[in-house]
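A, B, C and D label the chains in the order they appear, each numbered from 1.
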Amino acid sequence: MAMLGPRVWFSVRQGLSRGLSRNVGGWASGEGRKVDIAGIYPAVTTPFTATAEVDYGKLEENLHKLGNIPFRGFLVQGSNGEFPFLSSSERLEVVSRARQAIPKDKLLLAGAGCESTQATVEMTVSMAQVGADAALVVTPSYYRGQMSSAALIHHYTKVADLSPIPVVLYSVPANTGLDLPVDTAVILSQHPNIVGIKDSGGDVTRIGLMVHKTRRQDFQVLAGSAGFLLASYAVGAVGGVCALANVLGAQVCQLERLCLTGQWEEAQKLQLRLIEPNTAVTRRFGISGLKKTMDWFGYYGGPCRAPLQELSPAEEEALHLAFTSNGWL
Amino acid sequence: MAMLGPRVWFSVRQGLSRGLSRNVGGWASGEGRKVDIAGIYPAVTTPFTATAEVDYGKLEENLHKLGNIPFRGFLVQGSNGEFPFLSSSERLEVVSRARQAIPKDKLLLAGAGCESTQATVEMTVSMAQVGADAALVVTPSYYRGQMSSAALIHHYTKVADLSPIPVVLYSVPANTGLDLPVDTAVILSQHPNIVGIKDSGGDVTRIGLMVHKTRRQDFQVLAGSAGFLLASYAVGAVGGVCALANVLGAQVCQLERLCLTGQWEEAQKLQLRLIEPNTAVTRRFGISGLKKTMDWFGYYGGPCRAPLQELSPAEEEALHLAFTSNGWL
Amino acid sequence: MAMLGPRVWFSVRQGLSRGLSRNVGGWASGEGRKVDIAGIYPAVTTPFTATAEVDYGKLEENLHKLGNIPFRGFLVQGSNGEFPFLSSSERLEVVSRARQAIPKDKLLLAGAGCESTQATVEMTVSMAQVGADAALVVTPSYYRGQMSSAALIHHYTKVADLSPIPVVLYSVPANTGLDLPVDTAVILSQHPNIVGIKDSGGDVTRIGLMVHKTRRQDFQVLAGSAGFLLASYAVGAVGGVCALANVLGAQVCQLERLCLTGQWEEAQKLQLRLIEPNTAVTRRFGISGLKKTMDWFGYYGGPCRAPLQELSPAEEEALHLAFTSNGWL
Amino acid sequence: MAMLGPRVWFSVRQGLSRGLSRNVGGWASGEGRKVDIAGIYPAVTTPFTATAEVDYGKLEENLHKLGNIPFRGFLVQGSNGEFPFLSSSERLEVVSRARQAIPKDKLLLAGAGCESTQATVEMTVSMAQVGADAALVVTPSYYRGQMSSAALIHHYTKVADLSPIPVVLYSVPANTGLDLPVDTAVILSQHPNIVGIKDSGGDVTRIGLMVHKTRRQDFQVLAGSAGFLLASYAVGAVGGVCALANVLGAQVCQLERLCLTGQWEEAQKLQLRLIEPNTAVTRRFGISGLKKTMDWFGYYGGPCRAPLQELSPAEEEALHLAFTSNGWL
């Protein structure tokens, strides 16, 4: 699909005046109440064939297998979805297929971030058209030296103004080299179409501070990784978007339930067994590690697009150990 | 006091064969059980006169005032004690005076880290002689590029071998630019005279991982700051050493109690109100901010030694706001 | 323009067997001699209209004005060309227009980097088709944690294998958070279709080391910014690709000539007067600063695409001072 | 030696009114002309015996061997002198012995930095008393988060006010995690007792900018390492203080001469052969690598104090290769 031209850009503005009529499951927009995004989401991977084409069939199979786990919804096209490696049309087709494959009552978050504000708006609009319930918008980062608070506020405000679906902020410094400043997030939390943040930095002091400073807003904080999920709940986060939930989805949801029901001792035991596997499929071995693990757990992992590389045998062994030594394999 | 000469160095080795006979309060060493350091400690400041002399009288006054708070003990000569600004004799005199000023059943942790292994050993021995119950040993950092895991293991093993008192590891990357690697800490946790770590980095995934990987050791993890205290308890830490406890000591101890008794909702409410004040007296305004706040709370803060500077009026106002906006002033 | 499909991908491979027949000016490929890219290049900006459309007419006007300066050629779609903000079709159209607008004997370098290897290959092929003489390929960076030497070698080798035009490596850590390792660059320098590197990191020890370790290869190092141009020449670099050359192009070329003719004292005087202006239009005020300066110097600067912001009056004043205090305005 | 008490502190102030009468070699102070520190200095190591005592005899032997090389002088107690591992009395004894061992017409720079302003003043005064010609004062760094420009200006001004000998600023971010800001250095350059800076960061843009912005001051910039010595001369530095000069001192002085006489091609050839050996004895293998190399070159290297470790056989081999592959062994 080509980039949207000027005509679409303007029709989007008009479309906004119609109001947002889509209701999914138990959430509703309008009347000043923002949608409720609380819960656990796997950060779904994008399957590729041996020749590096997107394998939409395998995507659907994975999503069907994940469908029985009590997730709140699914994130497609997050960092684990290799979105920077997909064309615009592939990005939209992934969202469209995911919408068909997942249960109607599950939220579909779609990563819609691009470097420019205009492209992000267009992508957000297009993703809404193909069925996304909310857009996850990563901080632009190539010109990070110029991404002042003013620049970020301008960017997100414009996107949220023009997006037909709610916007979730996304701060992931390991990939962007940029942490969305807390004060900036607090200002943005007042926007009626910005509903929360996925914070993948892992600084729980920061997560607590965002919860605290947005307590009078309708704004929800999601942990961006399973390694600090319990700690995030402890300071007021309401969910998590986790790579690990692709393979240990039931366990991550169990951790959620233990936190929500105040069973902190049990929660701690479970959390501690998840840290090493989580680090292994994120920072340590990246998406290649996550996909290899998916193969082990009965999902389709398959190859990554280049330049991401397959694991070496030694890396694969270390990855395996991270799961076996914690009793998961 | 001069550095210990070779004679003292060797007598220390002999002294070790006598075993460690000191018992403080309810803890005991020997028989393979390490001392229990669980609980809250204020990271005590070093008061100075207007001419930058150590004001031992004010130190004693502060400690007396803090004596009624249910702390597990006191840390003197941590980073908040301006230890790099004190001579060796001042460092020891501070420990000696603190020992006299605090209740007998409170643990006295003394920061004993120096850049060289030999100086750290000597300082640890001397601090034990003047009454410290345990030595907090910061990672050497000037040659951080060469502080491999092997170098750190050698350093801490030597210090712990020769120290008459238990050793607590201390990782504080904001000051040292160095994070003691988890795997290194895990190896060191097996040393019979290394009892725990004060981790001030604030990475709760890391804290959880250390708890998890030392679960078969007798090793305790203390949060190094009040900003992530609840989160640290949630993943298995057993206490905290906190700058903020100099001014909001009762509240930090209350947070501990809420965590220990499983009152997580109340704990969360309290924790969230402590983050901004904590950041203000640590990373944001440093010891100058902490001391200014002590003046407000009825303790003696006073000046820092140069090159630390007094706060500007604007900084002082921002500091004040961090406390008033959270209901503490 | 849509992404190239599989058919184009394979035809590229076939095209490679034909050899590279294009000759531009005095350089020739084949017989094991790589093209000579020595010299100065402005890192051309992309002009936008008030409504953020690419203003191709202004691009041509700027290039015509720059045409009389003794540059070796022009870089379009480098970091200063806001390439992450352009669609694929815009990127190609900019290259196509630039090819028409610049003298035939000038080299046209085109920034062709994308995050995935496949997209980079396709972009490189397309840019060759519309007239680029060489492709500048930035390190992929979103998954920088996984960009091992092996991954980078795989990426650049694939691109260079399939590119009909020579490839120039591009390391720009301020934007990518990633420094192409020297040893990796040295290995890549042996590829017959990799002719050099634009190094924007400013570490002259590293630049010297690359020159030294590729001395037996046909490989050229270009300084990526005017701030360290003299120093780079001093250690064996053969040119520079500079944002500052958009406004002080004659001066940057004069600096080149002074270096090449061994007039180091004069070179030093000139270099020192260029540092502050250079920092102002790069790290300090970014492309917004560069474009504002272009307006002052009789070129078309105009707005940046969002999220890049206009300078505040105070920033504009500081920018102006960087030029006036060095005698350039 | 004990720390100086208040009496000494005040007598220092009185001493300042006497003016600086010491003349060494061809330089003179007074009449507003600062001393000339231009030239090459080895950053002398501190030899230790097998039991980690300072080996003053070996220090003297090394200095005698170095005495025939056309150095401008010697730096003792810089970062390569392991100063953080020495007691105050050892630091002074090293300076005292060095003064006796080196020719009268050579400048003796002594590293006098401590964390506190007061200790730095006292150390500077003491070092002057035992024969140092100038004091090299590293930025305090333990509280780097609070080392604002104001704090650094206060620190250096106080030290320079009270020092009987000229002060040389010292910025070494690899060790301190702190870069002395250019604007701060420019302000400090106006102090009558601050004569220059040793900049070890290697950012030649920064070095050029300092040269440029202090061109109306009597202020000299020295490169802090041999890896960027030529580049530093090219932008106006007047010398270097180099670890590598302990083993390739004649070559570093030859590089100086080539730069000063405008033989830039020859200079480049020599510079390029020095980069790898220089990196090997600094960033890569640290002081352990430097000392090992000294053993190879006929000097006494010997062990470092712990926690610095000996090289492994593999490291030693890589170190050797850095010299052999460049024709130095």
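Going forward, a contact is a pair of C-beta atoms (placed from the backbone, for glycine too) under 8 Å apart; a residue touches a chain by one contact, two chains touch by 3 or more.
It should be emphasised that the depicted structure is a prediction, and the values quoted were computed from it without experimental measurement.
Peer 1: Applying the touch definition from the top, give me the chains sitting in contact with each of chain A and chain D.
Peer 2: Per touch definition, common to chain A and chain D: B, C.
Peer 1: If I average the CA coordinates per chain, which chain comes out farthest from chain C?
Peer 2: The chain lying farthest from chain C is B.
Peer 1: Between chain A and chain B, tell me the centre distance in angstrom, where each centre is the average of that chain's C-alpha atoms.
Peer 2: 38
Peer 1: How many angstrom lie between the CA centroids of chain B and chain C, rounded to a whole number?
Peer 2: Each chain reduced to its C-alpha mean, chain B and chain C end up 51 Å apart.
Peer 1: Determine the centre-to-centre distance between chain A and chain C, using the mean Cα coordinates as centres, and give it in whole Å.
Peer 2: 34
Peer 1: Give the residues of chain A touching no fewer than two other chains, as numbers and ranges.
Peer 2: none
Peer 1: When you draw the chains as points and link the ones that touch, which shape shows up: line, ring, star, complete, or other?
Peer 2: Contact map by chain: ring.
Peer 1: When you check every pair of chains, which ones turn out to touch?
Peer 2: A-B, A-C, B-D, C-D
Peer 1: Under the stated contact criterion, what part of chain B meets chain A in this complex?
Peer 2: 202-205, 208-209, 211-212, 215, 225, 227-228, 230-232, 234-236, 262, 264-265, 267-268, 271-273, 275-276, 278-279
Peer 1: For a test of understanding, state which residues of chain C touch chain A in their complex under the given definition.
Peer 2: Contacts found on chain C: 2-3, 51-53, 79, 84-85, 87, 89, 115-119, 140, 142-148, 150-152, 154-155, 158, 174-177, 283, 286-288, 305-309.
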